[in-house]
Amino acid sequence: MAEPSILEIQGLRRDFGGVQALGGVDLQVRRGKITGLIGPNGSGKTTLFQAVSGMDREATGRIYFDGHSILGLRPSRIVALGLGRTFQLSRVLPGLTVLENLLVASRPDDSEAEDRAHNLLRQVHLERQVHVLGKALSYGQQKLVEFLRVLMRSPKLILLDEPAAGVNPTLRRTLWELVRQLQEQGTSLMLIEHHMEVIADLCDEVYVLNEGRIIARGTFSEVREDPQVFAAYFGHRNRTAS
Amino acid sequence: MSAPPLLHLQQLDASYGPIQVLFSVQLEVQPGEIVALIGPNGAGKSTVIKSIIGLVRVLRGQIRLAGREITGMATHHAPLHGIGYVPQGRILFARMTVRENLEMGAFLQQDPRERRRLVEEVLDQFPQLAARAQVLAGHLSGGEQQMLAIGRSLMMRPKLLMLDEPSLGLSPKYVDQIFAQLLVLRDQGHTLLMVEQNAARALEIADRGYVLELGRNRFADRASALLENEAVRRLYLGGV
Amino acid sequence: MLWESSVLLQLALSGLLAGALYALLACGLNLVFGVMGVINLAHGELMIAGAFLSWLAYRYIDLHPLVVLPLVMGLLYGFGVLLQRWLIERLTGRDELTSLLVTYGLSILLMNLGLLLFSADFRSVPVLQGGFYLSSLDLVISKPRAVAGAISLALTLGIFGFLRYHRMGKAIRAVSEQPEVAMICGIDVAKVRQMTFGIAAAMAGAAGVLLSILYSFSPETGGEFLLKCFAVLVIGGMGNFLGALLGGLLLGLVEAFVGGFFNVQWAEAVAYLLLVLVLLLRPGGLLGQRHAVF
Amino acid sequence: MRYSDLGIGALLLFFSLLAPGFLNNYQLSFLLQVLMMVTLAQSWNLISGMTGYISFGHGVFFGVGAYTGALLLMGGAFWWVAILSAALLAAALALPLGLLTLRLRGPYFAIAMLGLNEVGRILANLWVDLTGGGDGIALSPLLSPVLATNYFSMLALAVLATLGMGWILRSRFGLELRAIREDEEAAEMLGIDTIRNKLIAFTASALLPGAAGAIYAFYTSFIDPSSVFLPALNVQMIVVVLLGGRGTLWGPVLGAVLLMSVQELTWAEFPALHLALLGLLMILLVLYLPDGLLGAWKRIGSRYG
Amino acid sequence: SSKKPILVGASVALTGKYSRTGQEQLNGYRLWVEDVNARGGLLGRPVQLIYYDDESKPLTGAKLYEKLISGDRVDLLLGPYSSGVTLAASTVAEKHQFPMVSTGAASSKIWARGYKNVFGLYTPAESYMNQILFFAKRKGLSRVALIHADTAFPRAVAKGVKALVKQLGMQLVFEEEYSKGSTDFSAMLVKLRLRKPEVLIGGSYLPDSTAFVRQAKEYRFSPKIMAFAVGPGLPDFGENLGADAEGVMGNTQWEASLKLPGAQRFARRYQQRFGHAPGYHAAGGYGAGQVLEAAVKRAGSLDRDALRKALSQLKITTVFGRYAVDAAGKQIGKPGYTIQWIEGKRHIVLPRAHATHQILYPFQPWQNR
């Protein structure tokens, strides 16, 4: 392969009025792989997603997605290039039904969108909620809809921001199953997650972010041995892969 | 047992507008206990807590606090009844300082000196917050935010503290801290009712647990028994 | 000859004094927006209600507007509380659009009731006539302007202090951020909202009384002032209390200078121009903050 | 469009086409005004009902259309050329205006539009050479098309507006507009080109009032700044949509017929009261009939059906 | 069956910015209808007035004349109040070739459009300020400042002033237009103080002229002559300003003190009937009725062509004054009058022949009062 990484970030910086949320981050997401992004709360993970997805256009540095420089592009342009993301706090469209939420996220020319939507909803046991308004969903249900919505366009790269937070353990397994299927179909993924079992299980490579800087990179077993990572992230009681 | 339970839900039905969500839910919390409430998404766990606190309309049934009926109370009376609540998703007054957030927790305390004293007490309890007392709440890290939300709910020294997913979105280090803090609170004499998707860990520190599904009671037992229960493990704890 | 310092000073002074009134009015509008997310399009009519009360008191019981001021503020406080309880409270949880529409309806209703009761005639309360003359600077200070400006400023700053330091003021801020959590803290959110709307209405009423000694007014005057208030809010940043104060003074100044150097017709349009300019260049307002800051 | 919608539409159209045959001039002018309201309301429905961007200044396009139409007619243009140009000019104005204002979220947009009417009025007043300023423009009765012509032009416009709305409501474009209304950032993140969509909706929604303004100018033969840049017109179009039902097809039609009839009656009976009543109506509607008469009808229908 | 009433239609400003003057005009119409019917009606039929509120808006006015003509099928038309509404309404009348007697409108523009069906009563606005300017010239004044609102009538006044100032060789040192409804003149006054005009002329209505005088006092602006088009002619002007009205000049179309046939009697009856003294708008309303009455009598029928002919040839004197129109229907028979507030009362001061008081000159500077 001529170009191994689908996402290439170089020297990404972002300040919020003096607070440096990202202090020059370099990062690659390899094609067809699942890349984990972990780090303590407030370390800048979501901020990085905001910049990559075009929601925040005030970051500086370089971001290449699938060969295009995308820093400064509007989200819809970036989505058109094949990127999809979820939000940490779900942004389900409150006045649209669950089905409409999925349909509006599909490609305009997708004639099978409706079937796909029903299929996906069945997999996470939301088939009874098809015609329920987004605002009438529980916290976890919203997170699930948010996740399914990204799949409607079959993007090349998906950024997932704690997709399983607030989702119950059983469904969480289904969700990870879906993620693995996506990978098998050739989709690249980047995942923010605080559950270490998942990171250990799914991720081919892991980046650890702390105070806006990458402090470690490697496979999960490599980074978890790193004393710096241990101090910043895991704390006194290490409950990792079970 | 002569003393009534601290919290007692009897045959509780509740709804959002025309849509009924809870069906005859039963639940008891004894003084000094930690009780965990678990179940799949959309089971109605948050709704149970919201109906206790008066944020959701109760259709039928009763809610008793130390024997006294409080069904359908006005939410802002919760501190008067000795109920503290930590909502799902660490919701703070982001543009007020840590100290002001805590002060709001003791809004009902009219005497400013007494209010200040309460703030100091809670800050003693959470040394991490003490260092950042003048910082805007919105600028705290996730774990600190959750601490602040809990601290705020403790300002009026509630008998009953209800927490909706305290570990949501927290990094492992903070999750450990929070769960440790909950045990400390129990030892200080607070009674805790906790909703968690981190169900296994919740049951580890809880005395008893309830499993809710589709708005109905499914299981209720000692926490350790639930952890052992095959069906519970498979269906709700994500085990095999 | 327009550049003479006495002329500049003259324009600046009358601009600032007029601006203080905008600030008072805008701060009330801002308070309601900051706390409830409601843009009260009837705020101008509340002001006119204050002006007419002042006029009635002067005309029929011969009371001086400055004596009537606290009374009018009290009455409008009560009216504001009722409006909140009967109207705005019912809209909580509905989208922004809804409250815009309801207050728009309210504004039309109040204005036309005003027209029915008082006709479209312009009134004024001719007290505090004339001006002080400072011969050393060759400066005249209109008496009504000086008094109205000073009172506006004092009221605005007083309310700012209340929000900043008083327990109830802090409760208002808490409600503005997270009403549900405020409830859990024991704050009676409905009451606090009523109080907020009441305060805002009282501020509008006070502005009305001051307006009555400054200019002539009719039931239709409210709308024009409201538009200026929006310019003020946008300049200062919606929800930003201090911003509104500064924005008000700034608008007064700009109007005076545009009127002085160009033409009063343009001075009337300048508020809107300023509004559009700020919106385009700094959509968050000059002091740039989207959310309630007190 | 569904068959029932087509049926209703055809029926309405049939009667409207025959109307000039059996109505006197005054009744026909009344109908013309109803059709105008339908047109304006559909246009407001498109931008504000669908995307949630509340336009309090849509009347400005009406004003621009009225002046364009009147001036062109005086300059010797065919009446239909004048109408077409008025629509196009209004849209051409909406495009840059939308580019500027549609970046503003929520209340900011509403505020920016609220003042627009006033700016239109002031400009028309100041630009004396073109508009005659406060004196207004009187079209010679000889130049203006006759009432029936104006009536049919307005009818065509109302039909066009309703057909367009019917299409949009069922199209993906409509769904995307609603997504924008719900959460614009999230919609953008779902790949919806929000800027383009808003601009299209805004520009398209300016065409209708532009044309309507021109026809209205022909019909009254006299315009001046304060009568075509009329705040009350904005109120009326909003009330019509609310009365009928936001984001629905027949809501604006129903609303226009009802409101104009009520106004016509109250006007004669309580001359000073009717605007106050309009305000009250607006409040009551939002409080008690949040989704308009059509919505209430559907709710009752589903309860007993 | 010939007892079927004759319908006279009009729109009046009952609400909106002209409601005050509109109401007076309507009262004038109503008093005339009562009198006509007391005299046995027109052509042996009773007269009935049909009117609607035009909200002071031209477009509404136009709509209402359409309603009156096509809907109510009235037999005769009276005009609305204000030049703006009349400009709009007359277009409808013209479209239907329906003659209309117009009062309450003074802008010459109305009669410059080649219409054949509008017949005016008011002295045209362009000549309102002529007497005052001639007087100023006689006193050797030359620096004139002109301010005016931006609607049809004030603009017409301004046009007349500018032409005459030029013709008399005086100097226009300041001119500024303001939006109707403006009440803050502080910036304008700062400029006026610098220009030091001797004569200030305002093309103004009541609210703006009142506000201007108040603020002129605050800013100590005192030219030798201060005159406004409409405001000082109304009792409210004195009421609102009290002693500060002293010396302000203005125009009137009519005063009860004028020696016109029936004027005193009209003023008395009006006072009884409506509880206040009539202003010139009321007298104009009554006079318009009289003109219509005379025209119908002369035409002998309600035929529109006959009426039009009668109206253009008619020359009579009503309680309002002389009526005679040129070929376009514009009033040419009636002079204007200059008034001044003196000791809390309105007095006619010019022309001399009708004066009820010696003119007060110059305007007392504020600081000397």
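Read from first to last, the chains carry the letters A, B, C, D and E; within each, the first residue is number 1.
Here, a residue touches a chain if its C-beta (ideal position, glycine included) is under 8 Å from a C-beta of that chain, and two chains touch if they have at least 3 such contacts.
Quantities reported herein were computed from a predicted structural model and do not represent experimental measurements.
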Per Cα centroids, the chain farthest from subunit B: E
Centroid-based (C-alpha) most distant chain relative to subunit A: E
Whole-Å gap between the CA centroids of subunit D and subunit E: 37
Inter-centroid spacing, subunit D versus subunit B (mean Cα positions, whole Å): 52
Between subunit B and subunit E, centroid-to-centroid distance (C-alpha), Å: 77
Between subunit B and subunit A, distance of the C-alpha-averaged centres to the nearest whole Å: 29
Residue numbers of subunit A (touch at least two other chains): none
Numbers and ranges of subunit D residues touching at least 2 other chains: 122, 272, 275
Touching pairs among all chains present in the structure: A-B, A-D, B-C, C-D, C-E, D-E
Contact footprint of subunit E on subunit D as seen in their complex: 24-27, 29, 122, 125, 133-136, 138-141, 144, 220-224, 226-228, 230, 267-268, 271-272, 275
Subunit D residues within the subunit C interface of the complex: 48, 52, 54, 56, 100-101, 103-108, 110-112, 114-115, 118-119, 122, 126, 231, 235, 238, 242, 272-273, 275-276, 278-283, 286-287, 290
Of all residues in subunit C, those that touch subunit E in their complex: 1-2, 7, 10-11, 14, 18, 112, 115-116, 119-124, 126, 129-131, 133, 140, 142-145, 215-218, 220-221, 224, 255-260, 263-265, 267-268
Residues of subunit A that touch subunit B when the two form their complex: 19, 38-42, 88-89, 125, 129, 136-141, 143-144, 162, 165-173, 194, 196, 232-239
Residue numbers on subunit D that touch subunit A, as the complex places them: 172, 175-176, 178-179, 181-183, 185-195
